[in-house]
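Alright, structures below, take your time with them.
Shared between the two complexes below is chain A, which pairs with chain B and chain C, respectively.
Let's look at the complex of A and B:
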């Protein structure tokens, strides 16, 4: 009876109307693709022969479990994600602290900060490919001109360097996201806390560890979770810069999934990889939130 | 003065732009069928001006017989061909006409994704092919022709003759594998900032092709087409070819492990490498960008394998095919292909568009005096004839290994870069060649197992 009355209220109906487009978009562009990927993970499906698609149970998961390249991709994805997040967080917080200083013209630098974030990845990757070219790249030329190196460094053609280069691209592009989030939080920390600490004789380092960092804990938790999910799933930066090479030294799970789906035409195996990635990230996020007690209500 | 004599592809093509006029002088009635269809006919081609020339010819046909149609070229990068092709086919949205290398064409035809073109072959003329090739090299399966020749395109050993002469390295035409390696070593040691040899070692199609030519020279193959396509890759010949690549690596640019087509051409044209295996493309670029390098380049058949004596190259045998799915322009594309393929003028222009990268496939074109009006013939005749004619006796590809039978699995092998990955196991990951050959054989066995349907009726 009461729900019927609620529906009769004009503002409730308008509210539902506003929600409908989002709900439809979410169903079509989020729920359906995820559901389809999960379904495909249990099928053998060649996109050129869709009529021959058939249920194979857990076979696709067995395939990736038995594939050494899957495990190599997993390890490399973990390394790529861990270094990217660590560096983004450290540099992002440091930059936020700098940009929080009340200096003349600081707003200009805050604006510039967005630049890497808004440049399309494909542009950056292609420019970086040329810059990092071992033979004709401007980076080697500059380092040689400055007398810092004698021999060319093959940034994208040696396994360790290639991984470092892809991490550097990721850090350069996404550190501003961390900085902006942290800066926003920094601006809401009551100044009285710092004044009181100063009165108590706390130095800058002490104030950072005892006031700033605890105040940033929640925003950093959110940022790290999101950045971890996005970075772990990243495809285009690595693919555009190294295509997963040299060899398979910069494969991550997203590239592995792509290779299985498009190059090998094994959509089921690619989808199974996606499902594993989703599961890993879900479990990882739960553990992370539990460890950092995120979103727990303060008990009185 | 030098600049005035410099050959530029664009200038030359501008001068021959009128060649296409009158192309339909001996046009079969079949190609004069009118069509009132409208729209854009999508044509896929690899990078290079020749695809544009073919599409110009098709548009000339459209102007006369199907004024509502426009043929439009979509250029696909070499390393992106397979992904683009498969995703568009999977989405049932392929181009209406495709120019593609034979191994990929074989896969498509065996998967029944292409329109049979026997009727077109009859109109074009079954007896026109140059000596040393067969129609099946471009794409025939179970008695039906699915692919029309666009060109043949073999790799040759490209050599900087100024360097070879300066260092007294002998006649490259007589080199064996060992001689070529010794030459590369000497050049690397004696010439500053110049690699002895530049081959692709990246995880890409170019590496597949470079390695396949060595594998076939050694007498090795991936599959045995005469024996139910059994995998024969785990062999002493594969190990030998891998060992040879490994032994060349110290004389290659360090970045070669990520090289593909473009980087190999760059290394030749910019003078950073003295020897390579490559198609004719570097000549066009060098003529425009680095005249001294152009003057010094000469191409020969590949070096001889010490035991087999083979000088096997990689030949694309690139052809035109018509995808079946959702293709409302099949008849129009067939008519346009007949129009362009029966026009010696357009076919000469096609070859001229990037000399000597695309070799004529019809005798009448090869014997056409107009073909020899290109200025490159003044200084590079021997090289051009090596690409055009002498390469054919040594041609091979993964799709027709040592010309012992069409193999529709090769396209998938390239899609997965299995040969390139095998090479990279050795040159990047430091595997023993024997282990890498075993790994490659296992991958090929999986390809065979997954795609037995393509071999239906054969296996």
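Let's look at the complex of A and C:
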């Protein structure tokens, strides 16, 4: 009996041993940076003169609160996120419905769909800069030869157009995410539901709103919450295409934080912005866990 | 088979083709531009199929000869960035593989541990990872930079390798946890009753059945670290240590942007991921199914 207990204890030691690397890595690479980001938010820290770093209390938060650019970035991030999510969701669902059709060769199209997800953001940003070039870009040329515009549009040099272009990049790259999730759910909706509705004489539109959409509600909520959290905090998708410009017209909080830390050498102010972002993210995650009652899920 | 049915099918295919075009056009256009000689790059009307195909842009990138060209289309050799293209490529490969290996080993061990053993705190780990992978890199990057500076690792490939662990580890953990939960425990128990040790069971029984999950996690991890721009931008300041993503941005220096060269580097940067994608598509979809997608 005691030998069995010894074995159990030795065995459990292996289990603990297996978790140690993760615990160490999580502490060093996840917990510590976040704690350090929070600490920095209360310090004045110039990366070129780290020895002069000192505690300033809430000064950094007051700075961003008083900075019109912070609020502008906040508003633009909200606009950017709202449009991106709206378009991704609508197009994503439409695309999923299309790819759900029983057509020959549909799996080829389903496969292609994932492609934008693996294309590096740098690549699509470079290619878009080339395609959207005001003078020699292929987009302006196509629109002009189709007779849709007379004058060249300076896509990345006019504020509204630049915002639109970054939204387009984001939609191009992440709509597949929505489609994949929705498609997976569509495939589990029992067909009998539709047959019954057909017997009752419900049209295609009616069937979509009465059957499909309610069935998709749950997966769409998850996707929208997740995508909202991620999209709101995106950096590269905007920075690589417009650098936040022209002027500051495509700044979001991530770019604001980056510019404060890198260009203005105010890491404390950048970190304070990061803390605001983390707070928003935390609220978003709480909503997520609340909606799906994560805690009730049983782990073996 | 009535006419309305056929028409509907035709319409569906038409829409699918248009969408495929929209999805693929940026890459097709990049490929097309990269194969044109300088005089055709900016020619109007722009042509998708080049009149004249040349591999000069690729040759310039790989042999490291960089040439910008003047408005009159004569070449101007410059000393700027591109002689580093091959080093950037190698750097990208090294840091992506390095950080993926670290993340995968750590999270495989951890996922096995929390799904098979009972000890205090194990339940919190998945939720902790979920929170971890929602934290955007912009928040992590500067504190991590200070950590790396502390260890004198900045401006080295180590800083990137470790830096990427901080973004890939949480979602590898989340994905593998979900995966290990689904592997039935009975087989392991039977083997252990037959006298096989824990490590033996782990290597011979658990790892093979976890392989699809491990592959999916590895692919996502490779994609994320290969595509990163921000960490490299902040951590590395000498040009030869850059990965591709930050490196190619140096091609914007100079009077004229050489779009042919730029697009050739875009194509080469996409190529490894595209190959991975084609070979591993099945596993990618499985990974999406497990809900572990960073993006």
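The rule we apply is simple: the second predicted complex is superposed on the first by the 259 of 300 C-alpha atoms of A that agree within 3 Å, B and C clash if a C-alpha of one lies under 4 Å from a C-alpha of the other, contacts with A are read in each partner's own complex, and residues count from 1 in each chain.
Following the convention adopted for this analysis, a residue touches a chain if its C-beta (ideal position, glycine included) is under 8 Å from a C-beta of that chain, and two chains touch if they have at least 3 such contacts.
Since the structure is predicted, the reported quantities are computational estimates derived from the model, not experimental observations.
Trainee: Once the shared chain is lined up, is A:263 touching chain B (first), chain C (second), both, or neither of them?
Mentor: A:263 sits against chain B, while chain C stays out of touch.
Trainee: Please name the chain, chain B or chain C, that touches the greater number of residues in chain A.
Mentor: Residues of chain A touched, chain B against chain C: more for C.
Trainee: Let me test your reading of the model: by the given contact rule, A:85 touches which partner, first (chain B), second (chain C), both or neither?
Mentor: Touch partners of A:85: none, neither chain B nor chain C.
Trainee: Regarding the shared-chain residue A:184, is it in contact with chain B (first), chain C (second), both, or neither?
Mentor: In the superposed model, A:184 contacts chain C only, not chain B.
Trainee: Quick check for you: in the superposed arrangement, does A:241 touch first (chain B), second (chain C), both or neither?
Mentor: A:241 sits against neither chain B nor chain C.
Trainee: Check whether A:112 is in contact with chain B, with chain C, with both or with neither, and answer first, second, both or neither.
Mentor: Second partner only, chain C.
Trainee: Could you say whether A:132 touches chain B, chain C, both of them, or neither, answering first, second, both or neither?
Mentor: neither
Trainee: Quick check on my understanding: which residues of chain A belong to both its chain B contact set and its chain C contact set?
Mentor: Residues 47, 136, 262 of chain A touch both chain B and chain C.
Trainee: Show which residues of chain A lie in contact with chain B when the two form their complex.
Mentor: Going through chain A, the ones touching chain B are 47-49, 52, 133-136, 152, 154, 156-159, 242-249, 259, 262-266.
Trainee: State the interface residues of chain A toward chain C in the complex, per the touch definition above.
Mentor: 11-12, 14-16, 18-19, 21-22, 25-26, 28-30, 32-34, 36-37, 40, 47, 50, 95, 98, 101, 103, 109, 111-124, 126-128, 130-131, 136, 138, 141, 145, 172-174, 177, 180-181, 184, 226, 229-230, 233-236, 239-240, 254, 257-258, 261-262, 267, 270-271, 274, 277-278, 281, 284-285, 289, 294, 299-300
Trainee: Please output the residues of chain C touching chain A within their complex, sorted ascending.
Mentor: Within the complex, chain C contacts chain A at residues 9, 12-13, 15-16, 19-20, 22-24, 26-27, 29-30, 33, 42, 44-46, 102, 105-107, 109-110, 112-119, 122-123, 125-128, 130-132, 134-140, 142-147, 149, 162-163, 165-166, 169-170, 173, 181, 185, 198-199, 223, 226-227, 229-230, 234, 244-245, 248-249, 259, 262-263, 266, 269-270, 273-274, 276-277, 281, 284-285, 288-289, 293, 295.
Trainee: What residues on chain B touch chain A, complex-wise?
Mentor: Going by the criterion above, the answer is residues 82-83, 86-87, 89-91, 111, 113, 202-204, 253-258, 266-267, 270, 272, 412, 415-417, 421, 424-425, 428-429, 450, 453.
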